[in-house]
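Below, subunit A partners subunit B and then partners subunit C, in two separate complexes.
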Partner chain A sequence: MTVLSLFSFPFVALILSLWSSSAFASSDYHEHLLLHPLPQSSLLASFNFRSNTSQQSFDQQHFRYLPRALGQILQHAHTKELHLRFTTGRWDAESWGPRPWNGSKEGGTGVELWAWIDAPGNEEAFAKWITLTQSLSGLFCASLNFVDSTRTTRPVVSFEPAGDHSAADQLHLLHGTLPGEVVCTENLTPFLKLLPCKGKAGISSLFDGHKLFDAAWQSMSVDIQPVCSADGECVVQIEQTVDMVLDIDRSKRSRSNPIPRPVPNEQLVCDTSKTYNSDDTCYPLEKTNDKAWSLTEIFGRSLSGVCPLTDFDGSSDQSVCLRVPHERGVFISEEAEEIKKEDGFTRCFKLAPSVPFDLSIPQQPVNTEVPLDEPVLHAERTIVGHGQERGGMRIIFGNPSNTSAVDFIYFESLPWFLRPYIHTLHATITGHDGVLREVPASEIVKETYYRPAIDRERGTQLELALSVPAASTVTLTYDFEKAILRYTEYPPDANRGFNVAPAVIRIVDTAHDAPIYIRSTSLLLQLPTPDFSMPYNVIILTSTVIALAFGTIFNILVRRIVTLDEAAALGAQTLKGRILGKFVAIRDRLRGKDTKVE
Partner chain B sequence: MTTKTGEDSPQASASQLDQPSVKPPPPPESPAALQTRFRVITAFWAVIIFLGFPIWWKTTSIYRASLPIEEMVDWADGKACRPVFPLEIHLATPSMQSLEAQNLLRTTQHTLDDLNEFAAHHLRLKLTDGSTAAHNGEESAEGLKYLAEDTADTALTVRLLPQEGLAAPRSELHAATTQLDIFYPPNQVPVPSSSNSPLSAFIAAELQRLYSEEKATIAYILSGNTAGLDSTSPQLAEEIDRRLRRSMKYAETYHLSFSLFTPGSEPSSWDIEAAVNEYVSPLLQAFSPISNFTVDTQVQLYANFAPTAPKPEYDETEAAWTLKKEGLSAFVNAAEWPLNPSIGSGPTINFILYVPDPSQSPLIVKENRASSWIVPQWGGVFLLNPPLSHTDNQGGPSNPAHLSQDSLRPAFMTFSHQLLTLLGTPSTPASLPLRLQTSIRIRAASLLLSASSTMGSLARLTESLPSIPIPATVATSVATTLSHLSSSCAHLREGRFGAALASARVAETEAERSFFEKSMVGQVYFPDEHKVAVYLPLLGPIGVPLVVGLLKELKRIAARRKAKGAAS
Partner chain C sequence: MALLFRFLQAFAVLLLVSAVAAEHTSNWAVLVSTSRFWFNYRHLANVLSLYRTVKRLGIPDSQIILMLPDDMACNPRNAFPGTVYSNADRAVDLYGDNIEVDYRGYEVTVENFIRLLTDRLDEDVPRSKRLGSDAGSNVLVYMTGHGGDQFLKFQDAEEIGAWDLADAFGQMWEKKRYHELLFMIDTCQANTMYTHFYSPNIVATGSSEIDQSSYSHHADNDVGVAVIDRWTYYVLEFLETQVTSVTSKLNLGDLFDSYDESKIHSQPGVRWDLFPGGEQEGRLRTVVDFFGNVQNVEVENANATEPGSLKEDLAEIARLVEKWQKRDEEYSAILGNSTGNVTQDLPSSSLHLKLKSTVGTTKMAEDTSWGKRLVGISVVGACTAIWVAGSILGRSSV
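Entry: the complex of A and B
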């Protein structure tokens, strides 16, 4: 125990000192960009903007760094802590390694929002939550106003407040997702407006909607939370991040001519040892060179100076960092200054104010690579089953570690029209030996928090505390039933399917200070979809049958029944009968003539 | 049937054609059969009329609460209430005999009534002794206590003070209270017998002058924004018209938003807290009986002009960058500058402090060298040209990084002035409490009119659209509005303007609520063609036999009647 505490103390102290230095830097505004080339010619660009406002001026509505629109929304909705995420694409954990910020700054595909709201009761909290979503919807041009009671959950163990809240607040955590929301430029523009330098100076000048939303994966986040120092002085901190993984080749294509072209023959590197290698047949070799790129090529524009609100002393002036091995050659603009860090892979740049900055990396053979950590957990979630009524969910967790088990919380919120049967929850384990074993779910699942759905009112909320043993893969499955919706509840594109929000996995790891978050991909659920002209057909068919039956009965009741002869006699007397009789007579005469001619 | 057999063989048809004349017609139906048929048809139609029709009517009708349409139209037409503004003015004569004072009061009132040409607004003089008058004056200056009391509000206290060595009377208005001091030579006290005196004429003229703008404004509002009083000078009429068009709509709460905009990165901070406390808060305090205010501020850097806005031009003679007057409307870049209204009910008044780029400093308006202007019903703009510092070695002069409270002083003085204008406060008289009182009366009058006209519009709307539902809440709101309108009118008549404003405020809120009731507009649209298309397969085959059966039966009954009549 003592050994452990002695060992862990320096680490905690380091984390604490890092934290305090970042949270209470001399400047109230701080921005940072990290460029990190990833395997498969990808580039991770991770932007971070952080600013503080004192609690007092926040309460008095004197806004300087904190955007006024956002601040007023928070005050109006009594929101103490807010987390908003806009994400598109998929993080390829197998080739890119662990997620940036340990996944804490990303959301599931679409829009994800969670907030701690100060309210005396659950209903008041929900009313404020609706106010919050409506206001944010207007501010960010997103469909957040569609986060209604069916899309709102109250997770118990999956999230914990990151800020320092006073004990007097009665905080309620509400969480909402919009997995079908398409994140696009109209969300980036309001996001940029929230920044003090508005994309005109500093690293935010690199943002271009065309490049950002062309990325293989991108995530924008807004976090607002109160942060208090030890002496009780509190600030409201807003942190905005944009993370994106760009494909270098794709980004370098010019906007005017974006069609990819095959590599010219003379530039192909062929494996000449293959027997079939000839002038017209080539087996391309694994790439031996890192791609050449520069900021202007990748982002379409250069970085225009620094945002003057950041202070120029200490570490915060090194606002751009690059993670490549030190022997890699990097060309930078003249006025900038390069500082290499001791870890051998990071270098940061001190930019000159109000002078454009560019950075270019020439093509160079790969000798050393920046080591990528192995993700702590692999997770995969799919819908299985067939038919219109029954379906199933399959979640696969893989623990790559050979030594330690992974404990985590698995959280999913399901729409009400997907009705899970929790009693069908089964677990199978594939160990080191590759043998599949069926185990009771209780062996894997430590705790369950489950709130069943109510039709059209709320969705299912399921939180499982799981543990996956070392070097094994756990597969969880459960069955569900697909509900049939009412005619008007189907969206216009009903046959596309319904989005099911991604699951959130929170790994409680003792080695890390903050929890690690992983989100699965979102799912598409096919519901039984009716033929939408059906109601009209039914109405018309039913009406016809009723009319037929009614007409027959009514006629029998009111008609007079006579013999055939009598009918003829009656018929001849009426106007109709007489006209008919004459008509027949004329026809007969005509026919008689015809026969005479013959 | 017969035709079909006829087609088969011509002979048969020929024989059949002859047959009808041979075959005897069937015997007439028995009365029992006729009666049964009559009963069947009656029963079917009875079900349709007494069961089907009411159910259809009940399920498809829309709920329309009954509204007092006539009363509402009366209010809109101004028949229900003629707003009057009797102002009570206290005359304090500490150094006069009671009889003399009475006489002075009578003659002054007489002169006043002669001078007044607008009957709805009149001044009533009342005698008080000096001590209470002073007390009253202080009290109204402190908090403008206007809450519903039995007594009328005191609009003004006139103190008559004798002063030796004066040739003619002289008046002095206290800027911070509602008190008018009139100094007069002691020999000008009117003798009881005379009906006229220079002193009373002077007092009357003085009062008339104090309230001339208010009178003109109220006349302008009551006459429906067309013509005011005959005596109003065209300049004053134009001024009133301009002010009323510029001023914000009345609201219970206004959000004031002060924004610092600059196209560069400096200045990025200002002593806003101190400036607001120093220059704005006292004014808001004075306005608190009329409206509530919230204040928020923001700093916005890199705020550029809209690309379509006219660029400032350098004027050699002025040695300054100038903006053209007609281009000022495009000055505020509404698309990019974050000037969204504050959350919560009530309008937002925006005040923009714009610090131009050092390369475009100083910036002024070309025509009149002004540095501020009002955007009607929206807010105000002030161009602040701080002294440039040349300390920076590169890149020329720069703006200061921080704006101190002193440098904000001219801007906030202008903002206070703009706020008064935007809130519709008249420019005369000089005393702020008097102007606020005037503004209470103007607001009460305009709210009364606007709520009344909303009632009229609602009445017209419900009459012209018979298919919109009228929920019960609308009826309640209308009742509340009407009762508050009449109480407001009564308060006005008795001179309790504060209470009148409070009632008019409620009336206006309720009127707006009833007019903008959501369930009235949100009706599901089912066009009649749609219904017919869906239900024709049902209604057609059922309706045709029913109608034909009914017609035949009616024909039979008519024929029988005729036969009976002929027989008898």
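Entry: the complex of A and C
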């Protein structure tokens, strides 16, 4: 337990402490940006926008900070709590450490949506869910309308409502993912329009689609939930976050010339600790963390002041924070004010209203580094096997802790055309000694929640409660069969493969109030794909066969096969035959041939 | 007959007050690219160029239906993330910072396109995915992709035929979903696509004759593929250099006269015959009648009784409602007489449906209880007993 509590994510703790004072104002708006340089010359920029509207004004459709477009959709679809995620890229946990917000603000690759809907029964809830997805697809320019019954699941233990709901509501949790959905500028445009300052002022003015969608990893989220204070006063809270990991070198390239050119020889920084045989060789130095950068260089624009709608109370006016060691020099715009925090790594900036703000860090060798925690769990999921008929799924969980086991829920939703054989679920454990042991799955899997698939109606839903012992790696495998689709069910790019939604891992941690979420990468499943010219080939081939068969049979039916003598005799008998014979004889004579018929 | 009479009457009114007839109250644009895959970059660039033009001339996003079948801007192959360029000089980023794509990816299908035009959509489909045009709307329909003689491929998987398109426009006219319509198409053998149109007030133009290819204009070496098609390039050149503001007085005649076959490398075509007054009248329509936005308000006399007026429409709707109600009553009467148990059957089927769908996720448990084993053993034992008894009795009888 002690080890687990060490993993508390410093960002979250910091932000929560900054804001705890103002969490229950009836109607307010806050925004916050945290910049955190990560190893390998990356920069994590974590934007957060949060506003509250009192439940009463929400019910009366008196919208101020909560966007009307979204509020009306929620009311129309009886949605009490909504979580929407747009994610691209992969969080490199091995270099970058634990995920921002403990993974609670990110989704699987593509688009992920889950909501608690108030409805008397399952069917009504599903009808509302369809209304919700259709409406959101229009609002966010995403194909959320493709979340149909085959892509909808109802997780039992993986998600829990984050808001405070009244006991009278009959809440239904529905979850849908679109792992193949592209996230691009058309999704950012409506996202920005939901913000009170619309990306014109405040930290949201830094958003640029060209940089955001060039990031190594980015996640946009919208969360709406009711939050009640102890005295029973409720507010509807909307929280929008954008987290992105930018490569500093890549972002600094000019937009008109983004293609990297080779560095000229003179500018190469070589590793002098290595031995060289000749002068024309060079081992380039690894990327270091002390790169110089500034906001304008990275984001392509400067931060234009403060959003005037922000409520200032306590320390929440320090809307931009930076996590670098205090020994590092940071230059900021003149009007802004720097406040260093006691932890030795965080400094926040108080921005002057309506004055552009820029922040620049010069290149400087530093001795201290911002400590990065180890993630609680490593997870990896791949499709194994070969051939068009069968395959297997392999999930590897690594527990880096030496002292305590990790308990978590593993949730995956599989498309119906991937048919898992749950009885083939096997587990192996590799301990710290490196010895591989086969164990019965029941030793690792504590609980199983399973909903089998129905072809073309719904997908498989599998939730496993697992426990990985300290300092060991657990590998789960199971086999599956690939279904053959109907000709019309194949998408236009069937040969690319079919997307399988990422698995969601919820780490139940008693030391934290909020669980930690990890999502695996999405998978590509190769299905047996026909040659799409097949119907035409079949039509041509069958037509040929029919023509041949018909021709032969027709010939046999209508023709009489006789010997040559019989033919002559037959021909001689009728008048027509005689005339014809004469005619042939004359023609042959004219051509100088001998008569063949005797 | 009555319909024909009404059309004639409408035409007479149109001809009499041509100045009034030219007025439309809103503008809509349907911009469709139909090609998937990276090497068809230019088709998306074509459509996005048109999108920027109509937006520049004032049509808001809410009145533009943009269909993009693939993602080029955030494609991993794109060296310029978040951008689409239609020119190798890369002066204008067509994707920009503010774009709303209404149908994208797999949503761009023939079915969705025809449903959009004819408004045969589910009630849940949001506003932004509907063509909300009415009898006072000028509609611009621009399509680009790979096509052939009387067909246009969608996503390399299905085709829309010239008749499908003609019928969709025919239905739009019947449903009073446009006032005037400009149809533009840039594809191989494009002019064959509008040959079957039959509904009035349509001006159609295409990039190439039958048996002619439409060619791309030029490629960008850093993007790696062709960035725009020839016909669209020269149409855009006209729109960007000549039609500089909403107040432009240039008309469709000027636009079509600007076609230069030596530059386009194919023979563009124009079809005027569906337009009232033919070429003469059609040429006078300004370009911004279709590419720009107006916000005219049609003030209608509440007591007007001429064809197409509100009062007449309401009366017609009331008549229809009455007619259908009567028919419905008759139908239910017939049903009630012939089979009395039809209505009783219905609830049982819905009950069956409910039972089927309530099967949800269940917790799987290892069953170690002796009870079930006991039941199994007793069943097997009983069966054995019956078999033994049967064989003994059978032998004794013989």
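Operating definition for what follows: the second predicted complex is superposed on the first by the 503 of 598 C-alpha atoms of A that agree within 3 Å, B and C clash if a C-alpha of one lies under 4 Å from a C-alpha of the other, contacts with A are read in each partner's own complex, and residues count from 1 in each chain.
The rule is simple: a contact is a pair of C-beta atoms (placed from the backbone, for glycine too) under 8 Å apart; a residue touches a chain by one contact, two chains touch by 3 or more.
These numbers were taken from a predicted model, which means no experiment stands behind them.
Of the two partner chains placed around the shared chain by superposition, subunit C is the only one that A:P491 touches, whereas subunit B remains out of contact.
In the superposition on chain A, contact of A:S135 is made with both subunit B and subunit C.
In the superposed pair of complexes, A:S413 makes contact with neither subunit B nor subunit C.
When the two structures are aligned on the shared chain, A:S472 is found in touch with neither subunit B nor subunit C. Using the contact criterion defined above for the overlaid structures, shared-chain residue A:S256 touches subunit C, although it does not reach subunit B.
Using the contact criterion defined above for the overlaid structures, shared-chain residue A:E123 touches subunit C, although it does not reach subunit B.
Of the two partner chains, neither subunit B nor subunit C is touched by A:N499.
With both structures placed on the common chain, the touch criterion links A:T544 to subunit B but leaves subunit C unconnected.
Common to the subunit B-facing and subunit C-facing surfaces of subunit A are residues 135, 139. Interface residues of subunit B facing subunit A in the complex, by the touch rule stated above, are 1-3, 6, 10, 13-14, 16-17, 19-20, 23-26, 29, 33, 37, 40-41, 44, 257, 265-266, 268-269, 272-273, 294-299, 301-302, 336, 338, 340, 342-344, 395, 534-535, 537-538, 540-542, 545-546, 549. Residues 88, 122-123, 130-131, 134-135, 137-139, 141-143, 145-146, 154-156, 181-186, 189-190, 208-214, 255-256, 258-259, 442, 447-451, 461, 463, 491-493, 532 of subunit A are the ones that touch subunit C when the two sit in their complex. The touching residues of subunit C, counted against subunit A in their complex, run 36-37, 69, 71, 73-74, 79-83, 90, 93, 95-102, 104-107, 122, 124-129, 155-157, 222, 354, 357-364, 366.
Every residue of subunit A that touches subunit B in the complex is listed here, in rising order: 57, 60-64, 67-69, 72-73, 76, 135, 139, 193, 196-198, 200-201, 307-309, 354, 536, 539-540, 542-544, 546-548, 550-551, 554-555, 557-558, 560, 562-573, 580-581, 584-585, 588, 591-592.
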